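Two complexes, one shared chain (chain A), two partners (chain B, chain C).
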Partner chain A sequence: MISYQKFRIYIDKFFHVIVYLFSFIALIPFLSIIWTLLKKGLIHVNPNFYTQTSPSATEAILANLSGEIIPGGILNGICGSLYILLITIILTVPLGFFIGVYIHENRKQKFSIFIQYISAIFYGMPSIIIGITVYVFIVKSFHSFSAWAGSVALSVLMLPMIIRATDETLKSLPTYLKESGLALGASYTSVILRVIIPTAKGNLLTGLLISVSRILGVTAPLIVTTLGCSMVNWDITKPTSSITLLIWNFSNNPCMADMVWSTSLFLFIFIIVLNIIAKHIAWKWKITLPHE
Partner chain B sequence: MKDKVLKIMLFCSAVVLLLLMAGILYALISQSIPAFKHFGFFQFISSTEWNQIEGQEQYGALSFITGTILTSLLALIISIPFSVSLSFLIGELFVGKKIAFWINSFLNILAGIPPIILGIWGYYSLRPLLISLNIGHHGYGIFSAAILLSLMIIPYSTSISTTFFALVPMKLKESAYSLGATRFEVIRNISIPYIKKCLIAAHVFALGKVMGETIAVTMIIGNINYIPSKITDTGNTLASVILNQFETISDLKFSALFAIALLLFIITAVINLMARYMIRRVVL
Partner chain C sequence: MPGNGKLHYLMNKKHLLELKNVSVSFSPGIYAIKNVSVSIKPCAITSVIGASGAGKSTLLRSINRMHELYPNIKLSGEISLDGKNIMEMKPIEVRRRIGMVFQMPNPFPAMNIYQNVLSGYKLNKIYLSKAEKDEIVEKSLQDVALWDEVKNSLNKSALSLTVGQQQRLCIARTLALQPEFLLMDDPTSSIDPICTNRIEELMYRLKDNHTIIVVAHNLSQASRISDYAMYLEKGELVEYDISNVMFVAPKDKRTERYITEQIE
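Let's look at the complex of A and B:
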């Protein structure tokens, strides 16, 4: 018969073992993902992969038959992604920032609370819903899949992230910053533009970069808005490709399985680099203010 | 004068957000009206038929509603033991140590893995494993989708739970330790009751997130338009059916897809608002 004290200690030991075990098991699939990405993705790392457009199915089949690596690359996807992303950022950032400031400045007003709930709904809205809505409004009315339809869809997805980043950043600033600006006789506009924004710029930039890294991996709305294209396209009204669309197209085509991994590896590294830059900026431009 | 302009601009941008929401709602409702008119609202959500043959078209959403609920709940159930263990590890057992920092950074990176990469990993690596274990139809199915979705939840809910663990006052924990409580007893009797509501809210958020997940699910769930009878069956979720049946040939089908999108919108909006309400009541 073990004593109650011993029993408690055994329970504690058992608990520790369970926690270690489950944590270890939880990390296995993630390690497997990264391992597979590296193992299968590194085959295609050569200059051509980044400077040529995606291959056709026949080229891929011929390469598979002769045992060579598939020719061609993902240039159309990289250019398309960056192009769509650029338009998205131009559309979203000013608007999202203004809405964030509005929510922060009028936190207790009824209309502002209503806007906060709307923004929360946007934040959790499935991306495919935004995709098909943009399809109805833009693709259907202009009778063509286009790069800007994709940008609009991504903007609607990105908007709540920017709003939240702005709101959280402003929340973290002490109120005396604004009050002392106003007390010195500065107008409301110059307090916002010359005091608040310069102080918060590091955190705002971090928020922007993290939202961009999230947006880069979005696929579903692009499938129904920009469709994809096998050439580099700079025309805003024409179908355009993106990195994620290329992964989707390659994965639907059994003879291009090798390309899937290399493209995914590229996307994954791109996203990690963005995240690391964001962390670095947050750390370097940390808001350090004296306490009240 | 300048202040007034700025304030008007701020207000206008807030109105733009409202207009965007109105636009989305308008599109969803106006496009889905033909389907609801043709089948009737209750008929539509309680029917499992999905027949695309011209002349006898018949669309119902019940099998997809079931699929969505099954996959997301199953994903949540699978993820909870793992995410809770990880957050114990980072937030309590190893708090402040180097290894906790590394695991945490690793999880932050994992939270950024795009769904499509999870999808192709599921398709090329998880599926062969499930085939060898003889689960599902050639590795496809509700269960496989739930595993992928739980991989999406784990980094997210771990990082949230870890921040909640930091909220537990040190004084409470230290007094328990000084009375001779073990680690397990402190976590069970002090930490968890203190942050219970936050944890529940975080998982409700996660539920809303996975319900709308499209691309990873589409790649592995099997895309069969029948009601699943067991969890290893193939099926379809509300989100995945929109993507893989999306075409404009038949107006009625197009409208039915929008009706499904409207249902999905309502479900995720309700879940999100619920989680937000819970967090608001607890934290503020």
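Let's look at the complex of A and C:
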């Protein structure tokens, strides 16, 4: 007869094994993705990969026939992604931040509740729907695919993330911070700008970087808004490439299939680096508040 | 013997704080404060005593309009500062004249010690020269007997200080703006007896130039430091008197019962 105490120990051990087993199973797809990316992606990684624009289909076919590495790189994609991202950040961050502050400070106002609903809906909105909408309103109206149309589409996707990140960050701050600022006779704006934001800057920046890393991987809206371009383009009104668009284009051409892995590896590492920076900022700028 | 500041106050008969039929409700029909009328004596320490939930902190917070941060809280009656209804003044002006120290020390985490002392000026966009800043920081920290402890570490984070030092820093931050009144919501509740003693000494010194209203959960502290005391029960002002008189021979049975219970 097993005593009750021993039974509890066995149950405890059993659940330990289950937890480790499931964690390992969950890791398998992640590890296999990383392994495949490294194995297939490293082949094309050379200095030209970052300094040259994407190859044409003919160049890729000739390289395949002669068994050589496909020439060219993803410079147009890197520049395009950074350019579109920069415009997106400029459009989104101030707006998202102020809406986040407004929601946090007026949670029960009707207009605030309305914005919260809209923000929640857009947070989970499929990106292709946003892309199509921007296509109808901007691309068709201006008769051109463009970098700014892509940025608007990404902004609609990013805005709810910034709003939520701001709101969650402000929620995590204790009320006494605001009260003690106001008790000194400060105006409400002054307290927000000089007390609340400096205290929350680490979390706000972390939220921004995580939103950026999520936006970087978005493809569908860019297909219908920026279209892509084989050259580096800095004209905001012209079609522009991006890393994800290059992955999409390469995957549609069997001769360029190998480039998919290298480009994906680049994007993967870029997002990993962004996440590491975000974690570092969160750790470095973490402010341990009194009474925590 | 009153100090020069006190003489100045009394001679000019300025900075009078009066409450007339003040009621505060959190929801319709539920009052945290009921019809409190009192004239606060200038240049003295008035302690507010009472059981938990009696409305002490609510009373204090309504005096510098902190209750307005919560839209569900409604105030009726009149609180006047030098004969002027504070509800007709700008909240910023009220809060600058009536400084507040909270129960828990709450220095601004993103500022160092020096910046914390000057935070009132920074937040109010009052620009000072470096010499003026240095003078204010030194004087304010000396006022709270913190200067000697932190003069070599003014650039350190305010959170690096002990809880007692943080509370004194918060008082220095409030004093730096030279308020006429100081509201202190049980400022020694989270600190050790040595620091408590220092803050009590500080309050005793400050009363020469400031009118202090302090919420005190500790009855012996209230009797030690205060010149006047008011006893609140269920939001009603039961008794307001010279503290030595109230603690020795309370006029109201309810005050007597509360004091007896606390002593026992």
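Assume the second predicted complex is superposed on the first by the 268 of 292 C-alpha atoms of A that agree within 3 Å, B and C clash if a C-alpha of one lies under 4 Å from a C-alpha of the other, contacts with A are read in each partner's own complex, and residues count from 1 in each chain.
Note that in this section a contact is a pair of C-beta atoms (placed from the backbone, for glycine too) under 8 Å apart; a residue touches a chain by one contact, two chains touch by 3 or more.
This is a predicted model, so every value here is computed, not measured.
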First (chain B), second (chain C), both or neither touched by A:43: neither
When both partners are placed on the shared chain, which of chain B and chain C touches more of chain A: B
Contacts of A:205 with chain B and chain C, given as first, second, both or neither: neither
Which superposed partner A:289 touches (first chain B, second chain C, both, neither): second
Chain B versus chain C as contact partner of A:177, first or second or both or neither: second
First, second, both or neither for A:195, with chain B first and chain C second: second
First (chain B), second (chain C), both or neither touched by A:187: both
Partner chain(s) touched by A:11 [first = chain B, second = chain C, both, neither]: first
Common interface positions of chain A, toward chain B and toward chain C: 187
Chain A contact footprint on chain B (complex, rising order): 2-3, 5-7, 9-11, 13-14, 16-18, 20-21, 23-24, 27-28, 31, 81-86, 88-89, 93, 103, 106, 108-110, 112-121, 123-126, 151, 154-155, 182-185, 187, 205, 208-209, 211-215, 219, 239, 242-243, 246, 257-258, 261, 264-265, 268-269, 271-273, 276
Chain C - residues contacting chain A, complex: 64, 66, 69, 91-96, 99-100, 102, 104-111, 119-120, 122-125, 159, 163, 166, 170, 173-174, 177
Complex contacts: residues of chain A adjacent to chain B: 8-9, 11-12, 15-16, 18-23, 25-27, 29-30, 32-33, 36-37, 95, 98-99, 101-103, 105, 111-112, 115, 117-130, 132-133, 136-137, 156, 159, 163, 187-189, 192, 213-214, 216-220, 223-224, 244, 247-248, 251, 257, 260-261, 264, 267-268, 271-272, 275
Chain A residues within the chain C interface of the complex: 176-187, 190-191, 194-195, 198-199, 201, 287-291
